[in-house]
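There are two complexes below, and they share chain A, which is joined by chain B in the first and by chain C in the second.
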Partner chain A sequence: MITKADTVAIPLKTERRKEITPVDTLKKFFMWFVIIWFTIFTLMPMIWLVVSSFKTNTELVSSPFSLPTKWQFQNYINAFQVSGIGKMLLNSLIISIIATVLNMMVASMASFSLSRFQFKMRELVFGTIIIGILIPINALMVPYFTLINKLGIYDKHVGLILTYAAIGLPISTYIIRGFMSGLPVELEEAGIIDGCNFYDRFFKIILPLSRTGIVTAATFQFLFSWNEFIYAMLLTSSQNVRTIQVGIRYFSNQFTTDYTSMYAAIVISIVPSILGYILFQEQIISGLTQGAVKG
Partner chain B sequence: MKKKLVKMMAITMLAVFTLVGCAGNNATKTDSSATPAKTDTAKKEDAPKVDAAKEYVINFPSIWVGKDSKANMMNTLIEEFNQANAGKIKIVVEEIADYDAYTDKMRTNIAAGTVPDIFTFKHGAQADLYFKSGKLMDLTPYMNEGWKDQFLGDAINAVTFDSKVMAVPYEFGVTPVMYNKALFEKAGVMEFPKNYDEFFAACDKLKAAGITPMSQMTGANAWTSMLWYSQLVHSIGGPDVYKNGFDDPAFVEAARVMQKMFKYTTDDAVGATAAVAGGHFLTGETAMLMNGPWFIGRIKTEGANNMYESVEAAPAPYYAGGKGQPGGYIGFIQADIGVAKQDDPGKEEAVIKFLKYITEPENVKRVSLDSGALFVVKFDLGNEVERLQGQMNAQLNAAPYAIPHFEASVKPGVASEFPQALSGMILGELTPEQFVEQLKAADQM
Partner chain C sequence: MGSRLTRHDKIGIALFLIPAITLFIAFFVYPVGFVIVTSFMKWDGIGEAEFVGIKNFSTILGDKVFIRAIQNNIWWSLSGGFIHVPMAALVAMVLSKKPKGWKFFRTVYFFPNIISVVALAMMWMAIYNNQYGALNAILGKIGLQSLQNNWLGQLGSAFPALIIHWIFNIGYFMVIILAQISTIPQDYYEAAEIDGADGIKKDIFITLPLIKGAILTCMTLSMVSGLKHFESVFVMTNGGPANRTMMLTLYVYNQLRNFRYGLANAAAVVLIIIGICAIVGLNRLFSIDFKKIGRKKISTGGVK
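Coming up: the complex of A and B.
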């Protein structure tokens, strides 16, 4: 049975929905303007890069924003044949993945000790580790080069893996420790009551709960290892070990730069990053946003 | 999930330790391989005799790779050398195309005391640092065996430090004006201008015909514009201008002319890189570019509408009333080859053998003909010489003097300051006097 009150209430509701003021329209317009602007701002360089990678160098300079008159697939062939980017891509994957996992192992263990235990000079140890964030990596070229040479791992995958894992350690420890510090002590106490030893507490309680922080740190570490060039060049001498960043710069010589082939190599180099992002999108975004609060 | 994580960690540890293990094994097996030449193990070698049965592996980090114009013939020469000396000497090339990365790596090598067997470096301030390092081989005894007679004029003196020949001078650079004759003729300019009055008159004609007269740039090291400035400086102040320092009025006057030149260039010149400046010339948008013989290959392959046939080389105009002379050329040693001090006489012999091989006139000729590059080694180009290269050679021979460009004649700090100061002057932020003051300040730092 419909009462009077109901019949009155319904049209009122509908009326309220229709009430769109000019201010609302302006707000919406502004919102979409910002969204579209940022989309264009973010995507345009990528689209430009892809389109430019199919041009000749002359076309690139004469009309940088036009479409190619003839699509130059030769640039991609150059990227693979001249610089041997296929092998370098594989090297980058191997080195970046292992360096990231190694870095996460060490950083998470260090963070566990530095966040869950009280001991003398804990903050000093932590401070000593994270001071590495402030040191520019160029300043460490000579010591790293000497060290890697003395260890006999110059021009070996492992040389780059250890270097990248070490360079990324301060920032990873900083991020993961921030996450671990936020976990309630009661969880570990409950674990101890249930018979967890030191290792169980780390592997079964703290590590799984810090997954978001670890993913955040791992994302940074992977991107650093993937994009790093100075040490990739410094600590290697043969194409069998070199990474994709060296391959990209293979087209830049003393007097000439083959920009379009270089762009083709860059496009190839960003494909794995994009694929990785698509696959781990959820973890990366949640990790980064949580990191923004906790870090 | 937890088990997977633990497993993953275990696998990573295993992989890392396996890789470390492999690396360690390899390091002990190789003689010197591609690792930097002078390590402690090498120093400990107590075999001062030449071992005929041993294969000497010579590490050669090279910039002449990838798309460098000399890469193709250098690679052929090295392959031929390796074949001819199979089992005795092996040259292992470490490919580093990026020049800045190459310089960084060589500096780090020197600082760490692990100098590569053979490497190249720019002549000038950078070379002095290497000469003073005490880590390069003294080539004097080998040069005195007659080897030095193969080199042009003063080249050996240029690499002599403390009475010792510290490097092999190799590539030579000249930077004339390359101009598109077809565009000049279209604008009614039938001959390349001899002096700057004629030059600016020609620029006006080109501009009136809808052609941008010249490529200029202030990005990166402002290469093309730096070369124009170099020409102006010596044309106004004479070939000894750098000895007078920045107080010589030639620097300010040259800056004034540069300011005027930028009125005849493309809109994107401020901030443009060498690729942009060169690209405008190759598309036929600009009629003049100042650059070296290494650019000839690009004109042939990338020049629009078969422009190679229309391109000519000419000495830069002279400045009427200046202390310089007509035809004065920019000429400089572009690359020196440095050699690490060797403890093993067998290896030293092998290194010298290779250096003599790549400086043999016939081999230098092959590289020169293939790449268009010039060298400080005497060789007869004969009739096979490429047209533009031949023009440059003839102009160089006829030149009253050839002096290095600005970048090679000043401190590295001044060379770094030049692009910024030039941009500031072209944008109207600095007067020519302030431009020179800025260079002077960098010189005194």
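Coming up: the complex of A and C.
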């Protein structure tokens, strides 16, 4: 039954919605001002760099904001020839992938022991590993430098791989263990009845079920390894092992005054990150934010 | 699991823990111990180390460059916590209204966080460049030639220029806060509407209190990372001009490069202490339960 009050109230409400007050306009204006300001700040430098990388150096000076009169790829050819960027990207890829796989193996094995069994030292071992998250890794430059030298793996891929796998261990263990703890106990009890031993239960039951947690931790670990700079610089010296992040820094020495070729080299070094981000956006965002919020 | 472990299980548990514990001892326990012990020694890395008591600490605390580094790190942290993160919260609240194309903007704002710090620093060096840079070119175009500057080379402008190059890159914290906003039940707003609250009131009295935890977490993260920042300063100014942009980690690195390992590690100990005090202190101050926030993240499936 429709009362009088209802019939009056409904049009009143819609009427109020449609009415645009000066405050609404101001609010809308402010909202878009914020959105556009941050878009300009984020996007403009990149666009400017990309456009400039297709110009000649004289053009860059004479008309810094116009489109290039002729889109020429000479800068990109220079970039590849001068910087050895291909080799550096390959080094980064090899080191990041192996470090991530190693880190995941070690962290998920430890997490299995630390989550699915009750034993006396369990919380002590876990707690100690977690303290590692609090330690500013940058402060350990001298010991890492001497340790890697002592192990005889200075300026070798394996030196960086081991370092990265170890640095990421506390966070990975934290994420994966948290995930494994949440799996129901019945799963393993069923496994035991079916005659699964310790290793079967890990490889056939728990590991496959922890995939989500492992992927999150792996994303975080891979991005860390790919972007790491200090130890990539400190623990290597030759171009053979140089990663892309360290390589970028040398661009200003390599290209000296050939700015547009240097811009091309920077663009090349950014492209894989942007492509990876566009392909795996949701995964990367959740990996990065979860990893950090926990760390 | 049952409390009784079989012998087989015990061996398995131990075997599975060995790699992690070995790596942890080699890369955390031993290095931290090493840093602390050698911070009391005079050592060049090759010769014999010699115990000198707290001399290293009194040396660095008397070093103007070191004090400058600490000050810079504190400024870096404060701009992170009190300018960067509040801006991120503002943008998150704006995007949570789902204006046209908000997904596109969310993606774009995250770009600077996905390209490496070094690449971003190189990009901004190109913009700040004295002769070829975009910033000076813009100033020239709009008739403000008098403001043109060697941004990273001048005493006054170098440090602000460093701060500005990252302070608007709010994507990362914005995403964390945005995820928190998306967990707020819609009924809260509907209830407030019935009580006559308009848009801004809803933002201030409903959204803000409910995302306080996420904002405080972001402030902590931002401030702590500000204490150990290295890459962009190293690439863009290397501490110059005249040590105006020196940072703690860069100080450690420079001492290491000059084979003054004792001094490097004394500075590193100060860095570790400041870092841990900051985490524990801010945590107490904001009384955040990190574990709880982490769990919430999982239940909402991260960022949607």
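Going forward, the second predicted complex is superposed on the first by the 174 of 295 C-alpha atoms of A that agree within 3 Å, B and C clash if a C-alpha of one lies under 4 Å from a C-alpha of the other, contacts with A are read in each partner's own complex, and residues count from 1 in each chain.
As a convention for this text, a residue touches a chain if its C-beta (ideal position, glycine included) is under 8 Å from a C-beta of that chain, and two chains touch if they have at least 3 such contacts.
All of these numbers come straight from a predicted model, not from anything done at the bench.
Contacts of A:Val101 after superposition: chain B is touched, whereas chain C is not reached.
Shared-chain residue A:Lys156: touches chain B; no touch with chain C. In the superposition on chain A, contact of A:Lys204 is made with chain B only, not with chain C.
Looking at the shared chain after the overlay, A:Val61 reaches both chain B and chain C. In the superposed model, A:Phe229 lies in contact with both chain B and chain C. When both complexes are overlaid on chain A, the residue A:Thr25 reaches neither chain B nor chain C.
Looking at the superposed arrangement, the partner reaching more residues of chain A, out of chain B and chain C, is C. Contacts of A:Val125 after superposition: chain C is touched, whereas chain B is not reached.
When both complexes are overlaid on chain A, the residue A:Thr256 reaches chain B alone and has no touch with chain C.
Within the superposed three-chain model, A:Pro45 lies in touch with chain C and out of touch with chain B [touch as defined at top].
In the superposition on chain A, the residues of chain A contacting both chain B and chain C are 57, 60-61, 105, 141-142, 145-146, 162, 229-230, 234, 249, 251-252, 259.
Note for the complex: chain A touches chain B at residues 56-58, 60-62, 82-83, 98, 101-102, 105, 141-142, 145-146, 149-159, 161-162, 203-204, 207-208, 229-230, 233-234, 237-239, 249-259, 261. Those residues of chain A that touch chain C in the complex are listed here as 27, 31-32, 34-35, 37-39, 41-43, 45-46, 48-49, 52, 57, 60-61, 64-65, 105-107, 109-110, 112-114, 116-119, 125, 128-129, 132, 134-147, 162-163, 165-167, 169-170, 173, 178-179, 185, 188, 197-199, 202, 216, 226-227, 229-230, 234, 245, 248-249, 251-252, 259, 262-263, 266, 269-270, 273-274, 276-278, 281-282, 284-286, 288-290, 292-294. Residue ranges on chain C touching chain A, taken from their complex, read 1, 3, 5, 8-14, 16-17, 19-21, 23-24, 26-28, 30-32, 34-35, 38, 45, 90-91, 94-95, 97, 99, 105, 107-119, 122-127, 129, 131-132, 134, 137-138, 141, 168-172, 175-176, 179, 199-200, 217, 221, 227-228, 230-231, 234-235, 249, 252-253, 256, 261, 264-265, 268-269, 271-272, 275-276, 279, 290, 293-294, 297-298, 301-303. Of all residues in chain B, only 1-2, 5-6, 8-9, 12-13, 15-16, 19-20, 22-24, 26-28, 33-36, 39-40, 59, 61, 63, 65-69, 92, 94-99, 101, 104-105, 108-109, 111-114, 274-276, 278-280, 282-283, 285, 292, 294-295, 298, 302, 304 touch chain A in the complex they form.
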